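Two complexes, one shared chain (subunit A), two partners (subunit B, subunit C).
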Partner chain A sequence: MQKFTLSEDEQDVLQELMNVAYGNATAVVAEMLDAFASLSIPNIKVMPTKELLQTFQKLKESSYFFSTQAFNGEFNGESAFFINEKSAQNLAKHLELETQEDLDDAILELTNVLTSTLTTKLAQEMSTEVSFSLPSISKIPLSEIENIDTFLQYSQVIVIDTELNFQDQKINGNIFILTKDESIQWLKIQLNTILEQLI
Partner chain B sequence: MAQNTTQHNIRTTDIDKKIVSSIDNGILIVDEELTVHHYNKWLELQTKIKESDILGKKLGDIFPSINTKTLLRKIKTALRMGTPTFYTASTSKYLIPIKINQIKNSNFTHMQQDVSIIPFDHEKKQVALILTDQTIMAQTHVLLQENIKKVEELNAQLLKEKEHSQRQHKQLLAHSRSAAMGEMISMIAHQWRQPLSLINTIIAGLQLKQEMQILTKENMHSSFEKVEKTVFYLSETINDFRDYFKPNKTITEVNLSELFNKSMYFLTNEITQSDIQYNANIDTNIVIQTYKNELLQCIINIIKNSLDAFLESDIKEKKISINAEKKGDMIFITIQDNAGGIEEEILNKIFEPYFSTKSKNGTGLGLYMCKTIISEHLHGKITVESQNNSTTTLMELPYKLEKKQ
Partner chain C sequence: MKYLVTDDSKLARLSLVKSLKNVAGDVSIFQATNGLEALKVMEDEKVDVVFLDLTMPEMDGYEALPKLLEMNPKAKVVVVSADVQTKAKERVIALGAQLHMQKPINVEKMQEILDIL
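Right, the complex of A and B next:
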């Protein structure tokens, strides 16, 4: 169990890296949406999948859109993005989207931007690369969350939770980066290498 | 070394070109102004536009259906991130309008596409758009959705029918209970006929003696005692019926032989009147765990059916035989009569509600209720066989019923 949890130091380094990655993500999202955007300081937690599914269940109750995207490489896994209905409406208003399809596309784009910027930056800091496969990005109906067996492949999950704000239009989103045990082990090694370099 | 590098570059370029031109995907390169810089063979064939006719032109001018605002946003984001952005067929349908030739079995007029927008040249702000034909997948998805909808509709219909059938079943049970009540009243009437006639005779005797002026105090006292005794018997009969026709809430130990004797208590008048030979072969030691009154109701119902059948037939030596045997965890009870048998074509209908062959007073609910009680409450099985003039009802019951469902 110990090998899949992060020590305080490891968590600190990951938090720093994530802050940098989030700075990057904020800038990209702001450009993408052509609006001033800010992101709250990401809250990082490593939690067992069981706990994660309970969190998903809670999010589901407040009628969220939900999408996933896979990423591959030495650091691999899946991201899950939740955005509530009000935020989705705000996003549609801001981007002047007229159809449900356009809104779905924008949510998927936001998922992709957040996943890509976060994981790419994280990978860069750890001298590796990640790639993103298109077919894995999809909007999944909330009723099917329980049926996503793939989530059960993860025993521990890094959860990065943040809030996005666009000018006066509030758009809240929660992104979860899910990685398998071997990726967490790999991440621990990389974080420790960075820690050693700092000493 | 330099020559090797050049050769390698030429070879690589050659390979790349060949792949780009022969790959089963559309590849085009555009810049931030949406000016086309490359248009591969696949796109030429699919759109019937030559690369030479499109190079240097704006993509939005060639294909006016493209939402250039969204496309530009995706291109800028891809360039800014240095990683791909996407269109998915499931939400965006298609980017480049390509008409589908295959008319048969298609829900789409245009090819459904997944599109990856990959940063290609950062300095020139160029991206490569890679198109993948997802029409078959989309078609499968549509079919799947249609079938899911059909299954959901069928499921909803099934649930509705199930509810309807459950409601009907409840109504039938209510009717059955009323019918059983009717049977009970009819049986009480049978039981009461003789004592009532006795009371009548006693009163008539008293009246006669009074008219003849030979009525003594002793006569009156003895007559009142007889009436009192008979009224007490009438009252007891009602209590017995009430006790035995109330559904049990708990499972109790039941001596099977005693239970059949009890059934005879209710039916003996009718059996004697019809001159039927009743023979019960039950081991007096058989004690089972079950709902006593429910089982008694079934037994009475089945024997009553035999009695009614005898009323409508002209059999000389009327017989009803009972047998009970324990095999493993089960008790097998057979009730056999020689009242004429049941025709084969109606044998499989006898447990259906409102099915009756009786010329009068048949509700058609007796055997239906027996089957419901035996299968749902007593966790057993009831079957009826008929051969020659004989009908055999077999009840298979658990020796020890565990709990009520």
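Right, the complex of A and C next:
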């Protein structure tokens, strides 16, 4: 297995592209929830899948559930969204939802809008397109995190981790964009092309 | 004219500087990677136009914006951000920014900005 790393410049380019994509996605969700979100600086790392699962295990302790959405194309992988228990309750209150079914549905829709806008915009910034396979989004029980087949197919992942934070409504979540092994090399080429065009 | 480009991302700075040089020609361009550095540049140089990102480490754009204008009330501040929420735009305009523009700034957008200023 070839071990990939991102140079400082590649990381900077990816972080900036992610910033732009996340800004767009947040604006869409903010409008949907009629709320204002603060933007955080995305954290980008190349890590083995084992390490990622350990990160997920830590988040699992305080989470309500997490959802994933796969995307395909030259840039392919999966996005994952964690929302904690308290935030889920606050979301229910904010949207005046009465049943757990309605809340689950709202969280899946939130994940759908957030992650699809994010990955679509990120792909667009890299001059490519992504498509979403059906079922486009899944609710994953926390007890099943370590057994998720899709994560086990990756040996290494580029993890782009950022936080969605609606301070007034006290709703926050963690978003991860995971790219598959074969996509990392493509991504590195794209990032360097973008940088070279500016120098 | 003196310009100051403030962004923690090298890509964002390079991209903005390239567009600025393309439209404004051979002008003085200073660079800063966060709000604190921008304030230091403003201490030493009478900057006319500041391009300011919002999400930065050390000191973000929201905090730096009023301080920059306090140091040089005649400076024009253009916020260049990925945050396109209406409330973010309203907030920076209330803090004294002339414009709020969505990243990235290409040549066409830069022309638009300089025409407005």
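Methods note: the second predicted complex is superposed on the first by the 191 of 199 C-alpha atoms of A that agree within 3 Å, B and C clash if a C-alpha of one lies under 4 Å from a C-alpha of the other, contacts with A are read in each partner's own complex, and residues count from 1 in each chain.
Criterion: a contact is a pair of C-beta atoms (placed from the backbone, for glycine too) under 8 Å apart; a residue touches a chain by one contact, two chains touch by 3 or more.
Just so it is clear, the structure is predicted and the values come from calculations on it, not from any experiment.
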Which holds for A:Y22: it touches subunit B only (first), subunit C only (second), both, or neither?
-> second
Which partner does A:I41 reach: the first (subunit B), the second (subunit C), both, or neither?
-> second
Is A:D161 touching the first partner subunit B, the second partner subunit C, both, or neither of them?
-> neither
For A:D9, is the partner it touches subunit B (first), subunit C (second), both, or none of the two (neither)?
-> second
Is A:E101 touching the first partner subunit B, the second partner subunit C, both, or neither of them?
-> first
With the two complexes superposed on chain A, say which partner A:L198 touches: subunit B (first), subunit C (second), both, or neither.
-> second
So, A:M32: does it touch subunit B (first), subunit C (second), both, or neither?
-> first
Pick one for A:E109: touches subunit B only (first), subunit C only (second), both, or neither.
-> first
Can you list the residues of subunit A that meet both subunit B and subunit C?
-> 27, 31
For subunit A, which residues count as touching subunit C in their complex?
-> 9, 12-13, 15-17, 19-24, 26-27, 30-31, 36-37, 39-41, 194-195, 198-199
Taking the complex as given, what residues does subunit C use to touch subunit A?
-> 8-12, 14-15, 18, 54-57, 81-85, 87-88, 102-104
Which of the residues in subunit B end up touching subunit A in this complex?
-> 67, 70, 73-74, 76-77, 80-88, 90-93, 114, 116, 132
Under the touch definition given earlier, write down the residues of subunit A that touch subunit B in their complex.
-> 27-28, 31-32, 101-102, 104-105, 108-109, 112-113, 116-117, 120, 132, 134-135, 137-139
